[in-house]
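Presented sequentially are two complexes of subunit A, the first with subunit B as partner and the second with subunit C.
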Partner chain A sequence: MATWLVRRLAASIAIVFAVVTITFFVIHAAPGSPFLPAESQHLTPETLRRLSTEFGLDRSLPEQYLLFLRNVVRGNLGQSFALRRPVADALADAIPNTFTLALAALIIDFALGLALGIYQAVRAGRVGDVVSGNGALLVNSMPVFWLGLVLLLVFGQWLRWAPVGGLSNPVLCPRLDSPACGLDFLWHLTLPALTLGLVGAASTARYQRAAMLEVIRQDFVRTARAKGLRERRVLLVHALRNALLPVITLFGLAFPFLFTGAVLVETVFAWPGMGRLAVNAIFQRDYPVVTGAALLTSAMVVLGNLIADVLYAVADPRIRVRSETA
Partner chain B sequence: MPTPRTRLSDRRIATLALAALAWLTACERPVGCTGDYCGTLVIATAGEPDILLPVVSEFSVTRDVADRLFLKLADVGPSGNTSGDEDFQPQLAERWEWDAPTTLVFHLDPRARWQDGQPVTSADVAFTYDAYTDTLVNSPFRPSLRQIAAVTTRDSLTVVFRFRQRYPEMFYDAVYHLRILPAHLLRELPRTQWHSAPFGRAPVGDGPYRFVAWKAGESIEIAADSTFFRGRPHIRRVIWRFTPDQTVAVTQLIAGDADAVEVLVSPDNVQRACAEPQLACYPYKGAAYGYVAFNLAAQGDTSKPHPLFGDRDLRRALVMATDRERLLHNVFGDLAKVPPGPMPQLWWIWDPEIRGLPDDSGQAARLLTRSGWIDSDGDGIRDKDGHPLSFRLLVPTTSAVRRTYARLLQEQFRTAGVDVQIDEVDFSVFTERARTGRFDALIAVWNSDPTPSSGFTQTWTRGGFGRSNYGRYDNPDVDRLVDQAVVSAGSRDQARRAWRAAIETLNRDAPGIMLFATSNVAAFHKRFADVTIRPDSWLAQLATWRVPADRLTDRDRVEH
Partner chain C sequence: MNVGNWLALGGAAIVALAAVAALRRRITATASGRRFFRHPTAVPGLFVLAFFVTIAIAAPVVAPYPPYFQIDITNPDLPPSTQFLLGTDPYSRDVWSRLVYGARVSLGIGAVAMLVAATIGTAVGAVAGYFRRWVDTALMRLVDVGLAMPRIFVLLMAVALWEHIALWVLVLLIGLTGWFGTSRLVRAEVLSLRERDFVAAARAAGAGSGRVIFRHVLPNAAGPIIVSAALGIGNMMLLEAGLSFLGLGVPPPAPSWGNMIADGWHKMTVAWWASTFPGLAISLVVMAFNALGDALRDALDPRRAGEEGGEGGGAA
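Moving on to the complex of A and B:
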């Protein structure tokens, strides 16, 4: 297991390194300049040259890359051109917000997806299965940003059941320093998390239904029922554990979806996370922020996949045995 | 029948719920402010300041926040007049006088204090001028101060500005861009580090509001300084909520998450917001105008004329072939006007009587034919010497208005026998190509100061080469007339005549198609009273806005 983990960790680091390297060269190759963000700027050509020198952009690209790598190793992600603050500070502000959103969406995704998948499998072929299955397909077919806009319009603007954007009410809760403000934060989190979570849940439910259907027809389930166990215990304890493997794979795959989906959801709901930060940085050619965001996002996605692999091994002893004997 | 274990769980849940309720109730914010000095204004805005150090940033939202924190010596009055000093209102300076035609003396208000308790002195003013003109700081306002030769102190409350020459807007130049900074807090900071100074994320000012908090990507809060020497503002808290775009900002306003939006921008947004019973709309003059700029120089060699737009008759024909009223109506409805020249409605020289080329497609067609541009091969596109009359129009993908205009222009030009290919590029690429002259024509939008003196010079004279005169328009007569208007005019009427002559000359040369000059509409929650807007700075008169005691909501009363 330890050898396997070390191998996976090494592969993960290599993947992150590749992503960051590609991002670095692609964003530098993109046309446009980081110092020309507005038409009415009074920047003279001399000033532009001075800024380029100050930020090291007058050096060759390989030189800039080596400098970037050296700084990253030292834990320095550089200074944002547009935000006028260290990249690490900007990311530190944004990461918890994206992480919270992704986590909430993940909980909705898997709680709802698993429950719906089990329900559909148990009721396979009946009205409940057909209606919920088509409903899930409909939600799964919607672009995330469009679903977000619909939820925002219906529950935010028309019904006014939920706030239409931001992390919290800036008047009543400028800081998260009271339980009421904690609830206010959760209230603000509802629509963005639902948007991301619902789309994921629709997909998870389809996988879970198929896996569950396969398992509940197997002999050991029939045996459990024959032993007189209650149906709930048969399904949730005996069948579910065996039907979880494909869903754990899905868990690993959910991370890239959550982070790319977060870009759109954060924009629709004015959620100040990594997605919005990265998109703005790309438009502004804020190279240090783009590469910093790529570094962190890829690290989180790789970590998510690693966790999924570990969970897979925990859920299926056969995998553990194979890796230990390999 | 429930098992004992279930009963225990139920009891546990009930206990937890009660505890949570008690906890929440105990921690509710006290709601207590009453009277005339409550009021919380939440502004939804697309965009976020880069830094709250006004010397290094020119973003409009930075200005909105920083102008509440830092005082100028004096400010433009409600009339918006920028000539002379009669219409200016004191801020940090309690009075001023002219010692000589080019020597201006300000007397600071002795009551002025920095919010850390230090007095504001003439040394702060001299320090500020030095910072604004320092090449290491690279302030975007440095070019506006080029006529000021020196700023010196006479005593702790007296500061002297010496100008290089006398001109109508010298007072404006001395006060409009300079937000006085605290020397005692910034003197030790190396000037090269001002662009990312920690001070800029937690500033200490001398204005009617003090900085409270900045949550990156989310909001900035400022609070009224109850000891402010010019009187405590009625609105106690002002909060800017940052949104990804204007549509989200308007949605927050309509949903009640915000109280105000500066500009509704599109007719759709105006319709949405102004139809809401709880909101009031306030129209005011816009500071922006949009135009097609023709590139008069060849791409790659600015010493040679552009193969198409080097021809004045062709440019004139294209201007006349454009039905600008129809375009404007399609894009803006009633929210803009066709400008009589390159100017926003805000400028005092705005005059519909200024002569320009007519929108006349018949005359345009005749001029094109007379110039040899005819459709010789019957493909619907005019040609000359085997070359089709075809060019590329550059627009940024980020501007829906400009993209729509580009498509409508493409269609209008097609009917005139002119082929237009649209290049939509992201904003960074757009700006780079504009600055380096790599375009045939582009649609630009200029957001201006309240006076044409700096904006017009940067965009339409030789002094704007390498800056915002993207098309390299160059007419010595226009430069001379502008110089006359800005520098040597003895009175506002003389300046107006010079401006008019310059613009009519420019209109005849047709270096671009002046498409629109925006009219702004702001929207506010109706509980706000005495709202007046100065078009060049919509929050300039915030100190007089208030929420009457009988209209206060929980949002206004909440204490922290």
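Moving on to the complex of A and C:
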């Protein structure tokens, strides 16, 4: 297990390294510069030269790359061109917001998805299963930003149940420093988290239904029933425990979805997270911010997969044995 | 909408129904065809797709206005009515007409991008699975990296940095970043197929690697490839919509469904119809592809073939 873990960890780091390298070169290979068009920004040639030197853009590409790597290893992600502050600081401001959003969405995703999947499997083939199954398929097929827009229109604009965007009320709660403002924050979190969570839950439910159906057919479930256990206990203890294994994989898959989904959902709800930061940086050719965001996102995706693998090995003894002999 | 348009719309629905019926007659001759049509979502899914493809082809007759035509720029955002079936957008263009022409753009992008992705994914998966050793290791590490890439970032970067990107380049990029999953699937399939007796027989008969892969291995791996392609088109369309929504997808004023959502977004509170209907169209079509994918999976999965005596597996 230990050697397997070390090997997996090394592979993960290698993957993140590769993603960052590719991102670095793709951005630098693109035409244009962060300080162009110079005419529109009233930059004199001297200023342009000074800026290039300041940000190290006058050096050769391999030189810039080595410098960048050295800095990353030291935890220094460079200086943002547009924000005029260290990239690490800008990311540190945005990450908690994206994390809160992703976590809330993840909770909705799994709570709703698992419950719905179990319900559908138990009622398989009946009206409730068919209706909710097709509903889940539809939600799963929606563009996530469009669902956000529709929820925003209905609950934010027409019913006025929820705020239409941002982290918190900018007048009453510019800072989150009181319990009331904490509630305000949660209230602002509801719609974006629901948007991401619903789409996720729709796919979780589909997997969970299939997994549960597979398990219900097996002998040990029949044994449990034959023992005279209540149906509730058979389903929720004996069957569910085994049907949860595939869900661990889903947990790993949820990470990329949450982070790419966040890019769009954050834009719709003016949520100041990493996705919005990255999109703005891309528009402004803010290389260091883009590479920093790519580094973090790919690290999250890889980490999610790693966690899923470890959980899987812990939960399923069969896998542990196989990975040790391999 | 005039009488001609309504007639054309009805005609499109009938054509779509007829197409589904004809297809059903053709393929229920096989066991997997029967399994496919026994799936409850197969017929509705096929119908939705056939319908959208028909109106895409017949766009000039089904749509009352050209897609770029601005009806009365001083008077935009008209609500749905008998004249403007789905209302008009903030630029005073008929939403229904744009939706109809948009089917060409959105479905076309999805299909072509998927074709690119499926081709590359199949090729890479087949080569990795068939030759194994260092080729396999190298290709699969590449796939690991590809899957860890935040795809939407990469596409956004590419599009934003290269400015004024041509539509075909965008489609190519969407396809080029979407084959990693398929290649893993194909590799797994090829790994198990290459050990089968009929492959050994083909090799013993003197067939070269290329011939064995294309004539013997891949035809037997067609099922999973088709299923992943059907499910993949939907993803490609969602991705295109996302990029267009951020203003970095299909260059405006081309009427892709993603563009239409983006156009109506900022006036959503005044004119909800401009963004809502194109989103609904995307959801419907993607749902149809997902439903078809599910039905195809049930029909082509050899493990389930036993449920209706025979077929599945076997020689090339």
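The rule is simple: the second predicted complex is superposed on the first by the 318 of 326 C-alpha atoms of A that agree within 3 Å, B and C clash if a C-alpha of one lies under 4 Å from a C-alpha of the other, contacts with A are read in each partner's own complex, and residues count from 1 in each chain.
Following the convention adopted for this analysis, a residue touches a chain if its C-beta (ideal position, glycine included) is under 8 Å from a C-beta of that chain, and two chains touch if they have at least 3 such contacts.
Note that the coordinates shown come from a computational prediction; the quantities given were computed from them, not determined experimentally.
**Q** A:23 contacts which: subunit B (first), subunit C (second), both, neither?
**A** In the superposition, A:23 contacts subunit C only.
**Q** Touch check for A:276: first (subunit B), second (subunit C), both, or neither?
**A** Only subunit B; A:276 stays clear of subunit C.
**Q** Thinking of the overlay built on chain A, is A:82 touched by subunit B (first), by subunit C (second), by both, or by neither?
**A** First partner only.
**Q** Looking at A:290, would you say it contacts subunit B, subunit C, both, or neither? Reply first, second, both or neither.
**A** Second partner only, subunit C.
**Q** Can A:11 be said to touch subunit B (first), subunit C (second), both, or neither?
**A** Only subunit C; A:11 stays clear of subunit B.
**Q** Which holds for A:246: it touches subunit B only (first), subunit C only (second), both, or neither?
**A** It touches nothing on subunit B or subunit C.
**Q** Looking at A:157, would you say it contacts subunit B, subunit C, both, or neither? Reply first, second, both or neither.
**A** After superposing on A, A:157 lies in contact with both subunit B and subunit C.
**Q** What residues on subunit A does subunit C touch that subunit B touches too?
**A** In subunit A, residues 31-32, 152, 157, 267, 283, 285 are touched by subunit B and also by subunit C.
**Q** With touch defined as at the start, can you tell me which subunit C residues reach subunit A in the complex?
**A** Going through subunit C, the ones touching subunit A are 40-41, 141, 144-145, 147-154, 156-158, 160-163, 234, 238, 241-242, 245-246, 258, 261, 265, 268-269, 272, 275-276, 279, 282-284, 286-287, 289-291.
**Q** Which of the residues in subunit A come into contact with subunit C in the complex?
**A** 11, 14-16, 18-19, 22-23, 26-27, 30-32, 130, 134, 137-138, 140-147, 149-150, 152-153, 157, 256, 259-260, 263-264, 267, 278-279, 282-283, 285, 290, 293-294, 297-298, 301-302, 305
**Q** What part of subunit A is in contact with subunit B in the complex they form?
**A** Touch list, subunit A to subunit B: 31-34, 36-45, 47, 50-51, 54, 79, 82-86, 90, 93-94, 97, 152, 156-157, 160, 163-167, 169-172, 174-175, 178-180, 183, 266-268, 270, 272-273, 276-277, 283-285.
**Q** Spell out the residues on subunit B that touch subunit A in their complex, using ranges where they run on.
**A** 20, 23-24, 27-29, 40, 42, 50-51, 58-59, 138, 140-143, 192, 195-196, 200-201, 212-213, 215-219, 221, 237, 239, 241-245, 248, 251-252, 254-257, 398, 425-429, 431-432, 434-435, 444-448, 455, 458, 466-468, 554-555, 558, 560
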